[in-house]
């Protein structure tokens, strides 16, 4: 169950309808996943969120689409967002992530978490060599 | 300041010396950053940590080296590990991450954090379409 | 499922009964939500937790009740506590949070998460102007 | 030290200059804090971030300005963003947060963190009464 | 539902079979919990994860087995890993954790979270007395 | 720098003085660390925080004092509270934590973080065997 009612007919609202139409056209699918249905309870929030997701994740940019999905999954795991891990793993799979790539991604995320906790436990001081100003 | 004393002469210990030699040979540099110096307070922990970092991050695997560093940075940001953000940003830079790639990485990490918090705030229910068993 | 059995008849214990009576009287409702039922497995932990929640959240203080619930929701989202997001969203609704206020709260939480990740990714140094000692 | 060089003369870039001018005009101050100076390394990221911060935090909306800052602080504490805690505490102070309000905010954030950890440790099941669909 | 299909017959793979046999022999039980079944989608990841869990958690070391499980639970709560909280609470119970010990563990975790948020909200500066180099 | 001014003479306030006296008497030391000095900006918050820390961490309870400090460190690492990691590592050292115990604690915390991220990445479903109601 969600903290807002998932509307039965969200596209009765013209602003929601426009966003959903754009999601379908951009992603070339009729499937609108529940994040967008939940956000439909507030059309301005829905519009702004989709605009930014579209600009970065559904538009060609410098990084390739699969790399972007893997970074997204990594953050979602660390932030313990169950919904986001599921939705972006499905997206990465659709963009070509194989079992072996998935396993390696998880291994790197887990290794990073491990050394994050070691470094935070040791409170390791910064090395001068990391200073961006000295590059 | 760290929670363990950074040893003045860590390589007096033969096990530490062997790990540091391997770090230098693997990375083709004389620079040993402070995480390894701090871990030298316990040679077995140092050995195990380096073995796993080497196997995944300093050995050719399925994902390319820069993608792996960017995933590592993403997790480190979400886990608020200041040291790790610095060390892996420096590593990513050394492997070719440009200003524009860095900016895009940060933009994706920030977008993921934003939708992570939206989805956790809305408690969005999972879509059946995400079910891996149904692929 | 919980990590402790939810007791079938928690109020058989006199200390639990006293806390539950106070929850009902304070909140003017017969409804005791599951957090309290689960905490009933250890009456002292139940008593201390309720005493502190009551003092801050069920007693008039400096901040108004709805602001307090919104701050509570914000923390619960960032800490990925699904139960707490649900329970405090329900409480905020009961205290007058409208759809538009809920949407704005989520937008601010998401914006904060976004700039938190940007600032942690950039490792932005503190400005001297923020120094409380200089106010 | 930051992970990007803080530019000596960021306003040599016309896009950066335009954003900084807008920050000064909007906030009615000459002070540009380091987050914006750091973001100046990528003008598009700077523009998008400021546009969203301005729309939500520097424009009248439904919630009052001080409530918004307190929610922002709460998220920043939970996400362990040191820079953001400092900058938004300074902003909340400038908008009228007294010592007593600050103390109460911290007390609520700490109480929420405490029950977040209790609920996640107990894995408390959701109550049907929280269902938004049943409101 | 998981992000990988839980294989119907994971032990058809000889490497998976060897790990599962070792889990059964080490733990003296036929029960293989779902984490290992899910990891079976990538035998090398399964092997490395089990090797490290076995070395630290299923082998006598300096700290006693129950203390290790309680530390594990504490981290899992703070990282909001629902599965891990359940599995390690069950393990701690099997190793002798009573209701009263469980309640005290949760009380300490909650107290730590509370002062973590207070200290991060106050941005308390380090005391020189904590310096490990001065011990 | 902190988000509140550290008062030059906090014990001029009688309530602060009483708490500081109790800290000194309880801990048998003249040293008052900065968390308490910072909390002195709001005597009620100082009183409540110290009362709860004293009851759980400075009073004999079921768990031994060193185990309690190690659990506290584990949570503080996962929550990225730099101050708390330092203060509780110093406390654990004072209560007898050796280098080897410290290293093992960090290894367990890091292992837990690693499997937390694996389980959250795989979204492993709960095993029925973990059900507390079935014990």
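The chains carry the letters A, B, C, D, E and F, assigned in the order they are written, with residues numbered from 1 in each.
To be clear about the criterion, contacts are C-beta pairs under 8 Å (C-beta built on N, C-alpha and C of every residue); 3 or more make two chains touch, one makes a residue touch a chain.
Keep in mind it's a predicted model, so treat the numbers as computed, not measured.
Trainee: With residue numbers as the basis of comparison, which of the pairs B-C, A-B or B-E duplicates the interface of A-D in over half of its contact pairs?
Mentor: That would be B-E, since it shares over half of the contact pairs of A-D.
Trainee: Looking at E-F and D-E, which one has the bigger number of contacting C-beta pairs?
Mentor: Most C-beta pairs in contact, of the two: E-F.
Trainee: From the centre of chain F, which chain's CA centre is farthest?
Mentor: So the farthest one, by centre of C-alpha atoms, is A.
Trainee: From the mean C-alpha coordinate of chain C to that of chain F, what's the distance rounded to whole Å?
Mentor: 21
Trainee: Could you state the distance in Å from the CA-based centre of chain B to that of chain D?
Mentor: 27
Trainee: Residue numbers in chain C touching 2 or more other chains?
Mentor: 1-4, 6, 48, 52, 75, 77-82, 85-86, 89, 100, 105-107, 109-118, 120-123, 126, 130, 132, 135
Trainee: Building nodes from the protein chains and edges from chain pairs that touch, which of line, ring, star, complete or other describes the result?
Mentor: Basically all the chains touch each other, so complete.
Trainee: Where on chain D does chain C make contact in their complex?
Mentor: 1-4, 6, 31, 33-35, 38-39, 49, 52-53, 56-57, 61-63, 67-68, 70-72, 74-84, 86-90, 93, 100-101, 104-105, 107-109, 111-127, 129-130, 132, 135
Trainee: Which part of chain A faces chain C closely enough to touch in the complex?
Mentor: So the residues of chain A in touch with chain C come to 1, 3-4, 41-42, 44-45, 48-49, 75, 79-81.
Trainee: Quick check: in the complex, which residue numbers of chain E touch chain B?
Mentor: So the residues of chain E in touch with chain B come to 1-6, 48, 52, 126, 130-133, 135.
Trainee: What does chain C use to touch chain B in their complex?
Mentor: Where chain C meets chain B, its residues are 73, 77-78, 80, 82, 85-86, 105-106, 109-118, 120-123.
Trainee: In the complex of these two chains, what residues of chain F are touching chain B?
Mentor: 80, 85-86, 89, 99-100, 102-103, 106-107, 117
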